[in-house]
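Next come two complexes, and both contain subunit A; in the first it sits with subunit B, in the second with subunit C.
Moving on to the complex of A and B:
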């Protein structure tokens, strides 16, 4: 490997890590829902993309600056998150894990097809902030839009952690996540916590969808499936229910994806990511920050 | 109450008496069934094909419709079914169409559907040992080269990308002799993009261009930075991208970010569409794409307007569907197709025979040749993206 190859490899990894912030946010969404309800919501990434599309709709109606696209996407994500809970979880027997899983598969397809029917599947431009900015650090160039996405992702993660560890809602969420029955006995409404969890993760998902659209510069219904897969991989590698794990795993998967692509090409890239997933499932099923098995 | 009953009885009797008259006044109709993707991410292709077929049917009907074998005039009615760009569903849809009194079907959108579907048709006409479906299918969009040879019941009105890119590369060599090197980009997991990139690369090498490398990505990839960095290092004179609008735009945007400015850009036929301009008009500025449709003749302009009225967009794919309707009208008339429930199999055979006998048809850009293996040789031109629209760059003499 000559110097140019090395520079390109490092640059690829850096780009991947920056883009990995979107995976991290998606992973947090998956992991939070799993943490609270012990259910996988497979429609989460599709809902995120749906929220980003909804923000385009808002922007078409109201001539607002592009930065407000993120606010609109977050709001739409919250609404869609609440709807997903109502349709896919609220009235479906939670004791049957397959029922909720299949209902979220159905919601994934439904959201995707709604997007396709509203847009005829045509990709739409998404406003990117700082897309013309490139920060040069030695031989490397860091994209302004990706750095913005990364910074926004980090801010969202910090706010979420503050919400979870410094608020009554966060306390209730963690309580329901750890001991649902005991939480009920303490007077915590699990339904309310569940709804709020879906709304909060929906808000995060909306921002993740907007970040993805901004990083690519476009939105397409083609994004739902790969983002669902990436979100799940990040959730498993980070550890089901672990928010710090999802953050670190998102950035790792983003970086490794680009590294594998650089060294082995696009045809083999996903193969290695899957092998990484299997390695975690076998050797570290609890994820990156797995703790020794305890009473809870 | 008795008066009400009497009035109802009179009304009922009146309606019964007028029934034969109204039946007689009903126009005879011939249903042509199209099929393609109307859901999923290539839904727009199905929408455009359906609109084109309906637009053509309206044009034909306005001029009196089609004359059947018993000299009665019939109006064409278009029905369009969704195969979701899925081979199994495509086969199921065609089996359903074949179970009706339809004598031909138009479609599909996707080459993977066409390839599988043509495989269930009888391979050689009259082969008693082959129980394959004896039902003519006329493809409008499925673009992968040479599919019609799979069955003698399969026909296509799809442009030959081999001829188009052969001509384009030769033209580039003549018009831009200073361009010596090319770098390719291909959507690796899409049959059409892969096949066409093979043609682009082969023609470029054959014409003396040095192909410096190929960047590969997948249809639903979201990041192209690694590929474009390789492209930047190669610093080729020409960049040829064989990909559909979503990733074409992704790559073009990444090229703009990294400052990759080749002297010439070449794109895939399917990207000469409105979607590319909606997605990345600024970055696509100057890209050259060969296409078998542009509104450059009065017929083509009228067809584009008519298709737009039906909610579609006329492009190289939907224009083929538009032309197919007129071809079918001519064959129905020349083969004296009866379009009656008791003549279904005979009508299918007549339709197949009529289509196979064609050596030339009328196209929106001029005459369309027909090959012995049931493919089309369509006129084409080169368009380039300029000021946010596709404009004709060159029209080769054929």
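Moving on to the complex of A and C:
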């Protein structure tokens, strides 16, 4: 491999790491819902894409600058998150994880179909910010839209960590995720915490959906299944319930994905990500930041 | 008429797929890898009858055995993890199998035709049934004989000690372990049996559609596989059959007149069904009530 190839390889890995911020946000969403409710929400990535579509709808109705698309996506994500909780979780017994798993699958199909129904299945362009900016660092060029996506993702993560570790709501959320019964006895309303968790992760998901749209340049209902799989993989590689793990794993998966794409082509790319996941499950089932054993 | 025979074929094959997930679900594990085993069975059985000119039944048997072996090998690392981790691990396995067949090309020249799987184009010309003069009715009968055998086998298994062990592990792993059940062995065996059934189902699927490609074996098929037993209820094998008829017969074919709205209704009805009957359409209570209805003479008090 000569120097030019090496530069190209590093370039594509850098692009992948910047894009990995979306995977990190999705991974955080899956991890938080699992942490608080011990349930899997398979409709999460579809809801994120749905929120991004909703922001396109807002843009079409109101003449607003593109920046507000992200705000609209976040708001729509929060609303959809609350609805998902109400429809798929609220009225199904807690002791029956299979039923909630199935209801979120139903929601995944439902959200996808609503999108297809409203757009006739045609992919739509999504406005990207700073898409004409390219920052040159030595021989490398960093795309402005990807850098914006990365920065936005980082801001969201910092805000989320502040919310979780510096506020009363965060304290309650962490308490419920550790011991639901004990926190109920301490006067914390678990239902309220659950709803708020779904709204918060929905907001994050909406931003992640908008970021995906901006980075790829378009939105399509076909995105929701691959994003679900990637988000789940990020969750496991990062360690279940670990938010820093989800962040690091998201960036790693993003970077490696582009590296594999560069060396082996797009059709084999995901195969190696799956093998990476298997390696993690066999050698380090707890993920990157495995919790010390023996608790609870 | 052919339409209904085709529908009955689809229901039969999907029942096999659902039963393979049913085995694994009995032990309390959610496996989304069944589409992967289904794909392995489909490609292998197709290659055996088309490329090696094997008769159908040995080809199906070998496809089942190989799928079972893969399931067993996957079971050991995958079943070390539980819950969400297992879902992800099995999704990843299923996708890895699909991507393997996406990149898999093995063709031979036969006259003017190229036979065998060809990457993204898929595997065409699996023409065992027409070449050997099977009518559609023969195929339907063959499929349902296999389905009946598998269902009878599982029904019997459920009545025996093995079924009790499987359900014990599914209900409470810790309690099962403390009465001396080797839970790893139980889970891996359930996975292996599930792999075997999925492999046979895949083989039959390949032969009646005559054309398979990687996209048919994705996450959607895997979620359907677990949807059947969960929607139908885990109390017995007929729940799975009922759910397959409900989804394939009613939701997919019966509502076709609704056009675009059918797919919208589809997801919504699944959510509704889970909200109304979280233990499945045919749960333990309903089964008991039905039994009492059909055998009033042997009614037991307090049952």
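What we mean here is this: the second predicted complex is superposed on the first by the 296 of 296 C-alpha atoms of A that agree within 3 Å, B and C clash if a C-alpha of one lies under 4 Å from a C-alpha of the other, contacts with A are read in each partner's own complex, and residues count from 1 in each chain.
By definition in this document, a residue touches a chain if its C-beta (ideal position, glycine included) is under 8 Å from a C-beta of that chain, and two chains touch if they have at least 3 such contacts.
Fair warning: this is a prediction, and the values are worked out from it, not measured in the lab.
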Message = One more residue to check, A:113. First (subunit B), second (subunit C), both or neither?
response = both
Message = With both complexes superposed on chain A, which partner does A:96 reach: first (subunit B), second (subunit C), both or neither?
response = second
Ask   = On subunit A, which partner's contacts cover more residues, subunit B's or subunit C's?
value = C
Task = May I ask you to decide whether A:198 touches subunit B, subunit C, both, or neither, giving the answer as first, second, both or neither?
result = neither
Ask   = Can A:225 be said to touch subunit B (first), subunit C (second), both, or neither?
value = both
Ask   = First (subunit B), second (subunit C), both or neither: which does A:235 touch?
value = second
Message = Quick check on the superposed pair: does A:267 touch subunit B, subunit C, both, or neither? Answer first, second, both or neither.
response = both
Key: Touching partner for A:16 - first (subunit B), second (subunit C), both, neither   = first
Query = Which partner does A:85 reach: the first (subunit B), the second (subunit C), both, or neither?
reply = neither
Message = Under the contact rule defined above, give the subunit A residues that sit at the interface with subunit B and also at the interface with subunit C.
response = 113, 116-117, 225, 267
Inquiry  = Residue numbers of subunit A touching subunit B in their complex, please.
reply    = 4, 8, 11-12, 15-16, 19, 113, 116-117, 120-125, 131, 134, 141, 143, 212, 215-218, 220-223, 225-226, 257-258, 261-262, 265-267
Ask   = For subunit C, which residues are in contact with subunit A within the complex?
value = 25, 30, 77-78, 80-81, 83-85, 87-89, 91-93, 95-96, 99-100, 102-103, 120, 218-220, 223, 226-227, 230-231, 260, 263-264, 266-271, 273-275, 278-279
Query = Contact residues on subunit B for subunit A in the complex?
reply = 39-44, 47, 188, 216-223, 225-227, 229-230, 233, 245-246, 249-250, 253, 257-258, 274-275, 278-280
Inquiry  = If we count contacts the way the header does, which residues on subunit A are in touch with subunit C in the complex?
reply    = 30, 34, 38, 40, 42, 87-88, 91-93, 96-103, 105-114, 116-117, 225, 228-229, 232-233, 235-236, 240, 267-268, 270-271, 274-275, 277-278, 281-282, 285
